[in-house]
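After this come two complexes, each holding subunit A, first together with subunit B and then together with subunit C.
Take a look at the complex of A and B:
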């Protein structure tokens, strides 16, 4: 990061430089740079405060999503749990940076692990329903196509940003048999599919997921029609939040940074959220880099980590 | 040697089969360690993995042999990790993902250094397998109450032992479904008739739905338990479980933990098809007759899995799996069995 570049600018630059860059990756790279540049900090607490400040700043980026919150919290946990009893703070700083790079390399490997676990679930003749655009799901389907598997995809258009259309283009470019349906058509489309494959912006401690608006509806319909819902999510997306319904989901996660987050009391315009929360009872299995787990396992993992 | 042949193998209980595999592997490991002085842990692991592939090739439906190989692999990996030092972590979890220093390199560990630790661990494993059915029956018997009506299907050694143990201290009624096509239910009935406190009766599979409203508990066994809670069980189980769900009757599946396989019902399609001559007297040339031996039961129908380690809710199967086997051994590809055709002959 250049001397004049703020963490927010660096984050935006990293996200813009590469297509489909993982927000958590960009965030960790930014945080490592922040630690490297924090020469005036001479204690771990000061570094920690700087990281918290940076995370809050990054959440205000229009390119950030809910995974930035979980990634930041995990990184902080990482920092506070290491053995840091070097006599000079510069050595401590070096340890923090090397641990940060270790964390980063693990995140980069997690995608591959998820794909190898999920691939056996796609066979010849499998019909999949997808919602909006997910980088992880796209990578999995491309891998399945390379393995010469003959399957069909149905993608929802996913308003308001029509990200489903972008997903359709990517799938067709990879030679995958894919078609587009309207968001309202989901109930009808579910009759003709064998499973629903979703990504997630965050996985909450309850085992539910925070994902593009419309996911909750898709999962409710799938549950009613006995279609299994599988979620592909890296473990760095595990978030320490326990929403019980839509209203419990933080405003910060629900609305994009650029929109007005506060709802006006006097009947002012309430903008539609861009994410929703899907409770765990509608999800069959989560494919993460720590294994294929039922939604109930997320709470165990987070508790083991934070206690 | 004669245990390799088909007829005798059918009579083996699952734990005996598992013990057989473990003993065979143990001998091969020792031979390898003696023969090759430069052998590393990675070589041993590779050898056991190839054996697991060979087991799958011999009998795709038999998860117990593969699971036994996985247990041995876990032992090898654990001992290798201990000898490398405490910082290398074995279980894949969020915590270990963040805090472990470096990936584990098994080729750094010499096989000689593992010999004593591995043989001690294998002895413990054999003891656990030997006593698994005894542990299972004491855990299972606790679930049957006085004067209850228990429904079961066909003949299962585990279920028979559980019922006998429970009958030692209380009276209850057992309804046995006869379970085509081999009608093993009558064998179960003969056995239960010899137990004084059990009032046993036999019904056809089709009658199960009709009696279900009077049943307190369903007690079944399975050939394999999948990680998502699905089962591969005797033909007729699926229908029985659907009837139980309809009447909200709790379903207990008694299986030892070595039948728990890291496979998924949505992916597994392997089944055994029997000769329809056991059902049809004449040869129907115009019809296609399917006679599957097992039902592939989808998840969501079992209330509790009773294992030798205790009761296990379906939501916690993955935890039991993670404790028993290492995550890298969950899927063992056929591509690894390159050129090792002499696996069976190395005795």
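Take a look at the complex of A and C:
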């Protein structure tokens, strides 16, 4: 990080530099750099304040999503949960940074772990419904394609940003048999699929997920038609929130600040949220790097993570 | 302090009780020069006489058209009088008071000695088998549906008094505090899940003060047993009470030699328990509940206790602008507890400005379209993830589910039960009814866990499938 670059700028740069960069990864890299650069902080409390400040700033980026909030909290807990009492603060700082890098490498490995757990669920002839664009789901399907499995994908268009079309292109590029359906066509399409595969922006304490708008509708229809819904989510997305219903979902998660800005710029008065909350009763299983968990066990796992 | 809400109690008037006592013979004359068996036989005879007299009285009253209606409001004041009389008589060292309150038998009256050791009924979580000497008083028992016949019918004051006599005669010592508690429990004067546990803690504190510290591990069980038996006979124990008893047994067992313990170590432990597990937990639960209630919310309440009242207080007294919260308060017969809550709301300076709608439970479906969330209080969390709560809760949770209204249940972590319940029938309590009523006054019902959106405990907001395990 250059001396003139703010954390927000660094975050945006990292996100833009790589295709499909995980927001949490970029955030952790930014935070490690912040710790390194914070020479004026001479106590752990000051470092912690700086991190919290940076997290709030990053949440305002248009490239950030809900996972940034949980990632930041978990990072803070992880790096401070160790022997920090060193004679000189520079040593403490080094300990914090090495813990941070440890955390980062664990995040980088989480994707592989999830894929190894979820791969057995995809066999020859499996028909999958996907919603919007998920990096983890894409990685899993690419791995399945490499394993020479013969399966079919149906992707929803996912308005308003039509991210489903981007997902379709990526799948087709990987040689996967994929087709696009309208968001309104989901009920019809569910007749022709065996399972629904979703990513998640955040996993809440109730066992439900926060994901791109339209997810709730897909899950409701799938539940009514007895199609299982599987979610792929890294453990750094486990968020300490408990929404009771859609109205109870945090505004910050529902409308990331930047979303409002881009919308009003284009002149539209659109007040649709860009994420929604899916309650746990519509989800079958969650594939995470800490194991395959049913939604009812998420609360326990979350407590363990945050302890 | 115990939170006692005035209820419409179905007890007889104080006058009648006192009349009954005057009829019974003083026991002092029987104590000299006769063997234990003879004395017991005499005692039993006396009881039969009393019972016959009572039945006769009941029939007379039925014929007279029941003079009980008007006496209900005078009961709380009479109870207070009776209570003060009891405490006054404790101080007397004279053998036996011949008049008014036989209930005030203190431990000085019975000769100190060993008592027969019995199984600690406290560890059983089901209602104990009915004792042979207590017969169901009311004709309502016969009117019970067959699947509720296994439930113990409620006891009233006379039956408790005669149990006290039996115990005393069997040479066990009953603390006045326990007698008072049993009477309060039998007359349903302790509302709310924690009230009975707090009452038990208070009674235990008094009991423990009478036992010298060095004899504690040896004497505590025989001292406690007859008292707990009396309490059990009034009503089956709540989860919190069972939990307290269990902890007490653990503490006594794990206690080291008496030399390392201070004089009041057991009382201290118990106070700590009450503060940590009940009072501090309430503070945390209030804060969690408050965080879940937003501006412009309309909250539906059913059988709320002081916990919810305090939370509402917190909400309205925060900040200069009062958040716009509306309340729908549901109530149901026969106890109509909501009325007391309503009066409390109206008596509060800020809460009285809060719009409150008071309706019967069966009106819930028509009111739910206006509601944001339903807040309930649970009695216990079963091991298989269901919620035992005051009767009517299951119905309400079902209706709320069908209207997609989130349902919040408040529960202490130590209200987790290791019992598995799948219906509302196998475990339940029968409440009091007036003797000419055929009402089957069931107290609890079981709400399936999947109807509950969130469980608010002092451990945080949790889904109803994961039960919070209290630390031991």
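Keep in mind that, in the parts below, the second predicted complex is superposed on the first by the 292 of 307 C-alpha atoms of A that agree within 3 Å, B and C clash if a C-alpha of one lies under 4 Å from a C-alpha of the other, contacts with A are read in each partner's own complex, and residues count from 1 in each chain.
Here is the rule we use: contacts are C-beta pairs under 8 Å (C-beta built on N, C-alpha and C of every residue); 3 or more make two chains touch, one makes a residue touch a chain.
All values reported here derive from a predicted model rather than from experimental measurement.
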Fit or clash - subunit C, subunit B, common subunit A: fit
Partner chain in contact with A:297 - subunit B first, subunit C second, else both or neither: both
Residues of subunit A touched, compared between subunit B and subunit C (which is higher): B
First, second, both or neither for A:206, with subunit B first and subunit C second: second
Touching partner for A:238 - first (subunit B), second (subunit C), both, neither: first
Contacts of A:95 with subunit B and subunit C, given as first, second, both or neither: neither
Where the C-alpha centre of subunit A sits as vertex, the angle toward subunit B and subunit C in the overlay (nearest 10 degrees): 60
Which superposed partner A:281 touches (first subunit B, second subunit C, both, neither): second
Partner chain in contact with A:111 - subunit B first, subunit C second, else both or neither: neither
Subunit B versus subunit C as contact partner of A:159, first or second or both or neither: neither
Lowest C-alpha to C-alpha distance for subunit C against subunit B (Å): 7
Common interface positions of subunit A, toward subunit B and toward subunit C: 296-297, 300
Residue numbers on subunit C that touch subunit A, as the complex places them: 292, 294, 372-373, 404, 406, 408, 450, 453-454, 460-463, 465-466
Subunit A - residues contacting subunit C, complex: 205-207, 242, 244-245, 247-248, 280-281, 296-300
List of subunit A residues in touch with subunit B within their complex: 74, 77-78, 81-82, 102-103, 106, 116, 120-121, 123, 195, 228, 235, 238, 284-285, 289-294, 296-297, 300-302, 304-305
Subunit A-touching residues of subunit B, taken from the complex the two chains share: 92-95, 97-99, 101, 227-228, 264, 266-267, 315-316, 318-319, 322, 327, 330-331
